[in-house]
Amino acid sequence: MTGDLAARVRAFVDAECIPRECAAHVHGPAAIDATLAELRPLAKAAGLYLPQLPQAQGGLGLNWEQRAAVFEEAGRSYLGPAALNCAAPDQPNMISLLRQGTPAQREAWLGPLAEGRIRSCFAMTEPAPGAGSDPSMLRSRARRTSDGWVIDGHKWFITGAVGARFAIVLAQTDDGPTQFIVAMDNPGVQLVRAIPALDPFAIGGHGELRFNECHVTHDAVLGEVGQGFVYAQQRLEPARLAHCMRLLGRARRALAFARDYVNQRSSFRDRLADLQQVQAMVADCHIDLHASRVMTLDCARRMDAGLPVKTESAMTKVFVSEALHRVADRAAQLCGALGMSEDAPVALILRELRPFRIYDGASELHRATLGRRFLKTPEGDPA
Amino acid sequence: MTGDLAARVRAFVDAECIPRECAAHVHGPAAIDATLAELRPLAKAAGLYLPQLPQAQGGLGLNWEQRAAVFEEAGRSYLGPAALNCAAPDQPNMISLLRQGTPAQREAWLGPLAEGRIRSCFAMTEPAPGAGSDPSMLRSRARRTSDGWVIDGHKWFITGAVGARFAIVLAQTDDGPTQFIVAMDNPGVQLVRAIPALDPFAIGGHGELRFNECHVTHDAVLGEVGQGFVYAQQRLEPARLAHCMRLLGRARRALAFARDYVNQRSSFRDRLADLQQVQAMVADCHIDLHASRVMTLDCARRMDAGLPVKTESAMTKVFVSEALHRVADRAAQLCGALGMSEDAPVALILRELRPFRIYDGASELHRATLGRRFLKTPEGDPA
Amino acid sequence: MTGDLAARVRAFVDAECIPRECAAHVHGPAAIDATLAELRPLAKAAGLYLPQLPQAQGGLGLNWEQRAAVFEEAGRSYLGPAALNCAAPDQPNMISLLRQGTPAQREAWLGPLAEGRIRSCFAMTEPAPGAGSDPSMLRSRARRTSDGWVIDGHKWFITGAVGARFAIVLAQTDDGPTQFIVAMDNPGVQLVRAIPALDPFAIGGHGELRFNECHVTHDAVLGEVGQGFVYAQQRLEPARLAHCMRLLGRARRALAFARDYVNQRSSFRDRLADLQQVQAMVADCHIDLHASRVMTLDCARRMDAGLPVKTESAMTKVFVSEALHRVADRAAQLCGALGMSEDAPVALILRELRPFRIYDGASELHRATLGRRFLKTPEGDPA
Amino acid sequence: MTGDLAARVRAFVDAECIPRECAAHVHGPAAIDATLAELRPLAKAAGLYLPQLPQAQGGLGLNWEQRAAVFEEAGRSYLGPAALNCAAPDQPNMISLLRQGTPAQREAWLGPLAEGRIRSCFAMTEPAPGAGSDPSMLRSRARRTSDGWVIDGHKWFITGAVGARFAIVLAQTDDGPTQFIVAMDNPGVQLVRAIPALDPFAIGGHGELRFNECHVTHDAVLGEVGQGFVYAQQRLEPARLAHCMRLLGRARRALAFARDYVNQRSSFRDRLADLQQVQAMVADCHIDLHASRVMTLDCARRMDAGLPVKTESAMTKVFVSEALHRVADRAAQLCGALGMSEDAPVALILRELRPFRIYDGASELHRATLGRRFLKTPEGDPA
């Protein structure tokens, strides 16, 4: 059944998403919203919308193993996951609201988000010397007042911020890090700019935000005061894996484009596809994709079984982010000059995949953490 | 239940196999037979013997997924798989005899082999200009006579040949490539030498054999005349995967040794384990092992489900052989000069793992074949 | 003396070029021309202008070894080489005009080019199925008429085409490939567009050009009819090396930025510069830069000595293009999210260096050619 | 002139050294001494002996740049450098005796060493927890007595110890680390064993030594008391480079063997040399060799010019040791099963090159040291 659903997602992406990809999105990500307004009704009509939410919330109720195939297919186009409303950061934000939200918060924010009427963002990362990989360096502060809280802080690389209706903001309080739901039209919120970045068509861009004496009421607190880090950690592991799933589709698309190119193009009397270096590059791409897929699936099954994936998700994130980047890099190389231009999707996919080696924890950070953990593990543990 | 069995294999390897590893094996592989004569009765008594054969043949009747864990644990010592009688080439030879053998052939050869009273080998590979990776270059010939066949040919890198009681020999006939069961004491069989090689303690070494006017009777033919290649292909895919399983254990052992070393050794005032380069190398080893394990398991499950694994087993073999070599190389590096000596197991494991990138098809050959296959595949196939 | 000159170039780049780099250049390369109009008089006044041309032509008359240091320093900013008028494609075009140009052609084109009053381009590459890496696939045609030639063809990735005053165009004739000097305002020349590409601030962009019944007179032929390929080959080897020199500076700049970043930024209580993974990445960058520099210098000295560099320049181009890309990739990784943004130069340098693995001959093409050549070489040749 | 000398060394190695290589050397390195007794008179007669020593000491008086070519040619066979008496550890020991030795010490030890009548070793490295990479962990002690010194300690991986006539021993004293010349027949010296190691045919093996109440007279001190580390550092930089030179020749030999193999061997109807993967591997080998050679030469010229090479020699050692290992690994892979056997030189060369990534300072150690140094360097320093 998932196989069938994945095939339908695939057909939808081919028919509706890829033809709508355009340079206007690339050079100004805000333009994507208009395209999404077309796509989401189509996805709903096709029965493909909101795969990750329970059926009670209007979703398809897929478990993680089922999502893996669907997210991968959706991810072949940068428009696909958003068309199905399973793109970051809305997708993990919905999960956070489901888990930690009050009924009122769910009604106010989860409903419109699930329906696809609004977008949201997650405001955690700060520029130096604030919290990057290390959340203990959090500098944004929320102080309690008689009628709520006042938030001050500086955030950046807040994906999806441009055009978002609300943000989940992580800020330090006297009782520990806390998450707040903040409407983006709150006068204390300033969208400084969309940061020009390597991946230029992320929906809602990467925002730089300032919170200046930003007043919110008590009911802005998401979950419990002081539990903000715990919640952030909880969302991180599945969020990483969902990224792996979606970007697996993107890398596969780059390879498919390159395959068609080398099957047609000749040089020095040989069709490129007949050259062994080309064949070996294609083989390495498939090996990277296959390894990425089985590692991701293994994590998905563990999550479905309620098993911990702290170590496995970190190993998978490091491997997959680097493997997919290699795939995109080879695909671009296979296409020659065309692969360096925006005439083909491969250069853009290469730009989109490069930051994944940094976002959600740089590879180096994961390696150090994993290495220390393994060095303490008795060899009996085979992992 | 497999988990429990794997744990018992692990304990058996720690208690009985690793302590029996010795330099005499390394510098003259024939000495291993005496050690095996001690180990096999112990494995039988422990209920760990012959995991891969059906219970009707005295085995434990494990499916491929179950074997994966058991073979990995056994493979931590070069003595482990042979102690359990699941080492190559006897293990795939038993499967060949089970599938293609007549009742008389099974009684004569499979029985003693399964009981662990004799060893065997598989004589396919030939030195240049004969059949290496390309079986169509087969130069060994068998011609039909009134009462049987006469085989002439030159074979090398015939693992296990020294001390083997019989060989399954692949030779060209007028009706196509054919497999023959040939007793090693047939006067037409000459064991020229054990080839000195990088992996010096393979049980029975790597033999060079000459077949000089070697007469065999009609009942020496294994299966049908002319089907020798088909059978060879059939055995190759599972044989590769069984290698991946066993050698995964070996690489894990090298890493465990290195981990203990860096946890104890200091340099320039730092414990080696506290250095980030060391941590990153350890993390990369675990990522390589984890990816290798999940790819191998994925193939095992496909085989258990009766699905084809032609492509998956080739991708897995390329990845695993290279990944395990990286693990052993890093483990040796982590141990410094000790890692270059035979005082530690890591240098020997490094030598044992290097040839796996060539045996069972060199990586380059698999890459070219895989690449060509993928280049013809419509993108709908996600593999 | 070159050391002193290089130091002055370095100071000039720091004082005049880097401060003038701006986002407007990145998002629309045409804007660079205005900046150049400021910079070139300053470079002339500083005695740094036109390092590669003989003093008779108003240049500094440096040999290749001397240029290596100067080009590297200039190349730290994308504005540097053009400020000194030693950027591609003007730099090799000047050399072509010097070698193959008639006195009239030199006066008309070389003079203004050397003075920096105009820019030019070199129109060789064609989109599929035309001439990419393989010049024998040239499809642009020039047919002889009573009073000159008529050129028809389609070119792309013509670096510098936007705003160029003339192009040197390679087209097939009945007497073989021939180079023509074509004014860009010839009504038969159509600048279709600037191709959006990974390296978005190349001066004059990467143009797509169509030649539609483009009439030129006989004196448009550069050199001899039929010798167009020979000339193209002659310019290619030094052109590649000049690229290596300039881009070496660019990669060094990325590393310098990353070094300053990790020296200041902390994470998890450690200054990034104190982490061994960071130190190892920095060391690898320096090793890559050092190896690139000595290989480039070795070629430069051979050229100055009149020795052939066909093989050495190909080896150097492959190594340097890949090594510099690694440097930029590591530098970006070291800077975390900042390294993915245009707030820092590293992401842009990464984008600029990636295509060098394709431009001037893809690595795979060079490897195949080099491999075949070496396979025919008796071992006595140590190279 | 060096070119001519190198050609003569090359011819000598082909005619005299390579034919004398034999399995007996591999499986028991002591046998090499008999072979050397034949070779050294031939090298003297050919005017190739002792290239590195001044003519006053009977050498050829080559500078470092000249030695580079000669050492590389000699290094094509493991017998070559010893035949010319420019192998480690005798070669750096001679330099130490020349620099720090008293006239009496020179007469006693340098003379016979230079004449090739005896061999020597350098006893610095200790097993854990003693001095490995970090000399400050030195545990061997020398205490002053009325008539000299008494040395106690444990050393290992002392290359050349088996059959050596004397050792230069580094031991801690109350006045700092000090070097002593100790005759190997001193009753306080115990050669515990030759350590079985990956590189099994090093001349004189890798010895494990114990110094038990080893009495030496005052004139055993080499140089000044307390300066032992300083001297060790002084010898290390040129020693590393000499290793690079010699092993460059060894890697080149492996590649030459592989080239001949792929030029002759066919598989699946193609000559291996006609396959692009093979061509690319050959090209990468040559690029690695070329880069290694120019980096080594650059250091040699700096040493000849009296410039410091602390940083350059470390970068060169890391790069060259890793590059040459890649060359040998590819060469072995190109030869298939033959490359895994001792029938061809490549497997042995692979085993010989692997330890170079550890000996003379592991790559990781050099990277950390280099990284820290570069991180402190203002960007003005281009290295």
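Per-chain residue numbering starts at 1, and chain names A, B, C and D are given in the order in which the chains are listed.
Following the convention adopted for this analysis, a residue touches a chain if its C-beta (ideal position, glycine included) is under 8 Å from a C-beta of that chain, and two chains touch if they have at least 3 such contacts.
Keep in mind that what you see is a predicted model, and the values were worked out from it rather than measured.
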{"item": "Most remote chain, CA-based centroid, reference being chain C", "value": "B"}
{"item": "Selected interface, B-C versus A-B, where C-beta contact pairs are more numerous", "value": "A-B"}
{"item": "Intercentroid distance (Cα basis), chain D paired with chain B, Å", "value": "37"}
{"item": "Geometric centre distance via CA averages, chain B-chain A, whole Å", "value": "42"}
{"item": "Rounded Å distance between chain B and chain C, as computed from the means of their C-alpha atoms", "value": "52"}
{"item": "Residues of chain C touching at least two other chains", "value": "275-278, 280-281, 364, 367-368"}
{"item": "Chain B partner contacts - residues on chain A that touch it in the complex", "value": "10, 72, 252, 256, 259, 262-263, 273, 276, 278-284, 286-287, 290-291, 293-295, 298, 312, 315, 318-319, 364, 366-368, 370-372, 374-375, 379-380, 382-383"}
{"item": "Residue numbers on chain C that touch chain A, as the complex places them", "value": "23, 26-27, 125, 127-129, 132-134, 136-137, 156-157, 195-199, 206, 264-268, 275, 277-278, 281, 332-333, 336-343, 347, 350-351, 354-355, 357-359, 362-365, 367-368"}
{"item": "Residues of chain B that touch chain C when the two form their complex", "value": "275-278, 280"}
